[in-house]
Amino acid sequence: MFKHLYKLMWNKRKQNFLLLSEILVSFLVIFALFSFLVYYFQNYQKPKGLDYERVWTVSYDNRQVSKQLDSARLFYDDLERSLKAMPQIREVAYTSANFPYSQSVMNTNVSLGDKVINSVNRYVSGIDYHKVLQMNLTEGRWFYPEDAAAAIKPIVINETLKAEAFGKQSAVGRLFDNHDKTSRRRIVGVVQDVKVEGDYLPSGKAMYTPLDTTDIKWNSFILLKVTEAADANFEGKLYKYLGQRFNNERVEITYMKDLRTAKNEVTLIPMIIFMIVAGFLIINVALGLFGVLWYNINRRRSEIGLRRAIGASSTSVSGQLVSESLILATLSIIVGCFFALQFPLLHVFDVAANVYLYAILLTVLFIYLLVIACSVYPGKQAAAIHPATALHEE
Amino acid sequence: MLKNYFKIAIAVLKRRKFFTFISLFGISFTLTVITVAVAFLNKFINEDYPDYKRERSLYVGTMELRNSKEGWLNRSDVSFYFLDHYVSKLQRVEKMAISSGAQASNAFINNKKIVIEYKYTNADYWNVLEYEFLEGKPYGVQDIENANMVAVISEETRDDYFGPNVKAVGKYISADNINYRVIGVVKNVSKTLYNFAGDMYIPYTVSRQKWNEVGLLGNCTAVLLARTPDDVPQLKRDFDQMMSKVPLPDKEFDKAFSNADTYFESVTRRITGDGENSGQNKAIGLLLALLTIFLLLPTINLVSINITRIMERSSEIGVRKAFGASSSTLVYQFIVENLILTIIGGILGLLLSSIAIYFINHADLISNMRLTLSPAVLAYSLLACMLFGLLSGVYPAWRMSRLNVVNALKAQ
Amino acid sequence: MIRLENIEKVYRTDTVETLAINGINLHVQKGEFLSIMGPSGCGKSTLLNIMGLLDEPSRGQIKIDNQDISRYSDKQMANFRNEKLGFIFQSYHLINDLQVLDNVELPLLYRNSSSQSRRALATAALEKVGLSNRTKHFPTQLSGGQRQRVAIARAIVGQPQIILADEPTGNLDSAMGNEIMDILINLNKNEGTTIVMVTHDESMAQKTHRLVRLFDGSQVQ
């Protein structure tokens, strides 16, 4: 039976060419959509790696801060102490511009012997950075103030970087060379990945370096973890206080919660638009498929009548028509899979291969369901054809 | 003849309700997406409040310094010094609007935090750009020279800070703990106009930044206004010539790029271009590729439905041929039929688009962006509609013209 | 009126060549009512299609009104069919989406005539076949005999010199068939229209002026 149907479809390949290409293009669109969805979903399932609630970010213009190292140092130490003394503030940490959910990126590469690891995010972090964000240490420790005196500067790395550099081995105590091999860094701890780009994107490789004397001159961001008592009234007062400290230069306070929402929207809104557009395209295709199948069945009334006359049951007739559509779909799916498999094979994007495999699986399932949904009703209609009338018509 | 085609088309469409529905759904939806996309693009490309003089304007945005040996580059907005010291000397520049990039700051009023994005501008900014003043007036050369603490604020800021529709001129607004006297209130600018959107505008001399510091990189952008539209190409050349003579500030870099772009170029340069290349062709190519990919599915779908429709009517076509219709007449008939269908779909699509645009505007996805179905958008959509109708009609019509009469008449 | 010289028609598929018509010479006089008979598959419909310029012969010449048709372009053939020929089919081939009157007007659409004159001619043609009270109906609302009468009205509305009828009574019972036959005979007698009719009904064929029998693509008598 299968062979018979296959022959029938193959002999009609010219007629079915448009239908085939339509299913193929749908396959590719759906594949793209599912690839994104699987990718986002896999990332979404991973822990955020931080607590963004009640974290405020302060950005300020550092023009009025002395560029003299010692006085800058003094100024910032004093500011940190004063802020921490406020009862509404629990933790304080200076940070580079690329704090979680910000718009900034700072990339570097590190080397481990001959191995160069590219695009590692470098986060310049104050001593209490991990406390403000409530990051989870999985190995070793965070920086101590005493580290400043160490001959080899300490760094903390995240699990992704650890996995890439050392695999399953312990990372603590190992050394990284910086990009031009002029200085070395000792790994003192490993933290859980922090999804800095929002909930739907991976954390990437990350290393945290302590804020040192050269960084401090250019610093212009502070992270604050505040208590529940920190209300708008306090925010106003804090704003005024910071304004005075920075000699009335520009100061802005934002909530990390809002930054996260904005960051997620940047990922989600295009995705939602894509889904709406793809959804309509698929409805479009489904209706088209339905119409064409319906017409084909009406045109083949005599053939169906004949089949019924020579003893096919009504279920076998409708089954045949549905199977025919499925064979057509399979032809397109084979071609579609050929294209789709190029993505994991050629590593077109830096995405794990299993994302594509899941996406292909889901797409195949989806296309089959779509085709079945579109052919069941016409198939039923065909089954209802009375052999006598159908044959008489010819 | 045309009237007859029309009559037949309507009759056929009415009889084949299901196919008509599928076709109309496909066409109207496709058109809705295209129209909304065009309306959105239109916001970036066509003249929009307050930038109405694009015909004789050129835009200076980015400065790129390169070290061609090592491959480094440093890119940012241009410095005030660069604009003031070099660009303003160009003869064909009638006026130049200078503004700094918007910087966010907070203001607190009645325990409510307001985010204010402010820009520093020069006095000619108000002459080049046609902001609509709801009250008050802009600051002038005198205010700039005296570094008066005055500000022009947006309608949105006024409503947030002083209350809806409260007169603000003469009152003081505090940002960064500094008080500015409000001297004007302007209508909101769409955030899509990156260079002009802001909540508050302040004379640049008020800024404590060292705005006249020597250097090429900074945080300013400028609009150069030529005297006539014909002057624009020459001004562009003058600018390039001037640029080739600008001394490099640093040994670290050996090349400097900055351009006086048309508005479209200035947009594409930010997205697909760099200092050397405006990225205009790349952007257009990308857009066309995207459009093709998007149109592919509905087109194939419509083509296969059209072919089904033709096959279903093969006996009719046979009869028409037998009674003296030539192939070309039939092809015209079919194309007219398809165009009528497309136009009905187009009208539906426009209705759907206006609904979609209404929702997009109300959701305020991009701050103060108001999409409109302007004549330009309508024209583009109509063009897309026609293109779509022809595209989906031509192949089936060709198939139809080759339809064998004898077989067609047997088919019933 | 119609002169067929050495007409041959070969159908080719990938494996088989079928000779549908094998060297037929036929001359149809002006004003003649000719019938063609023969068993199924003898090539009678093919012959009619060739006469009607719907199909091209593989070899041979057709002359209608002493004009060599074989070199005509698609457009010229279309015009020729429109002006000179009228068709009637076994299965009527009415356009179901159009009302009876619009169906009859169809051939006139491909001429330059005003809509009033089209309407008048179509109404007159329907009157001749006795269907003037059914102009607003759709074909699906009519009986088989009525449909065939609409088809005849469509064939005569353009006042063609030749009518080609392919088993016009084939789908009808004998009473209806006779009715149709009478219309055709009257048409031939009163208007002088040349009629070529393919049929397998001996009694219908006997009513015509001349009978041509085909067997396996060749003329028997």
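First chain written, first letter: the chains are A, B and C, and each begins at residue 1.
Definition applied: a contact is a pair of C-beta atoms (placed from the backbone, for glycine too) under 8 Å apart; a residue touches a chain by one contact, two chains touch by 3 or more.
Everything numeric in this text was worked out from a predicted model, so none of it was measured.
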{"item": "Distance-maximising chain from subunit B - centres being C-alpha averages", "value": "C"}
{"item": "Chain ID, smallest distance between chain and overall C-alpha centroids", "value": "B"}
{"item": "Mean-CA-position distance for subunit C and subunit B (Å)", "value": "62"}
{"item": "Mean-CA-position distance for subunit C and subunit A (Å)", "value": "70"}
{"item": "Between subunit B and subunit A, distance of the C-alpha-averaged centres to the nearest whole Å", "value": "28"}
{"item": "Sites on subunit B touched by subunit A in the complex", "value": "18-19, 21-22, 25-26, 29-30, 33, 103-106, 108, 111-113, 115, 176-178, 208-209, 294, 296-298, 300-305, 307-308, 311-312, 365"}
{"item": "Subunit C-touching residues of subunit B, taken from the complex the two chains share", "value": "1, 3-4, 7-8, 11-12, 15-16, 315-316, 318-329, 405-406, 409, 412"}
{"item": "Complex contacts: residues of subunit C adjacent to subunit B", "value": "49, 52, 54-55, 74-75, 77-83, 85-87, 89, 91, 93-98, 102, 106-107, 109-111, 115, 154, 158"}
{"item": "List of subunit A residues in touch with subunit B within their complex", "value": "18-19, 21-22, 25-26, 29, 59, 63, 232-233, 235-236, 239-240, 243-244, 248-253, 269, 277, 280-281, 283-285, 287-288, 290-292, 294-295, 299"}
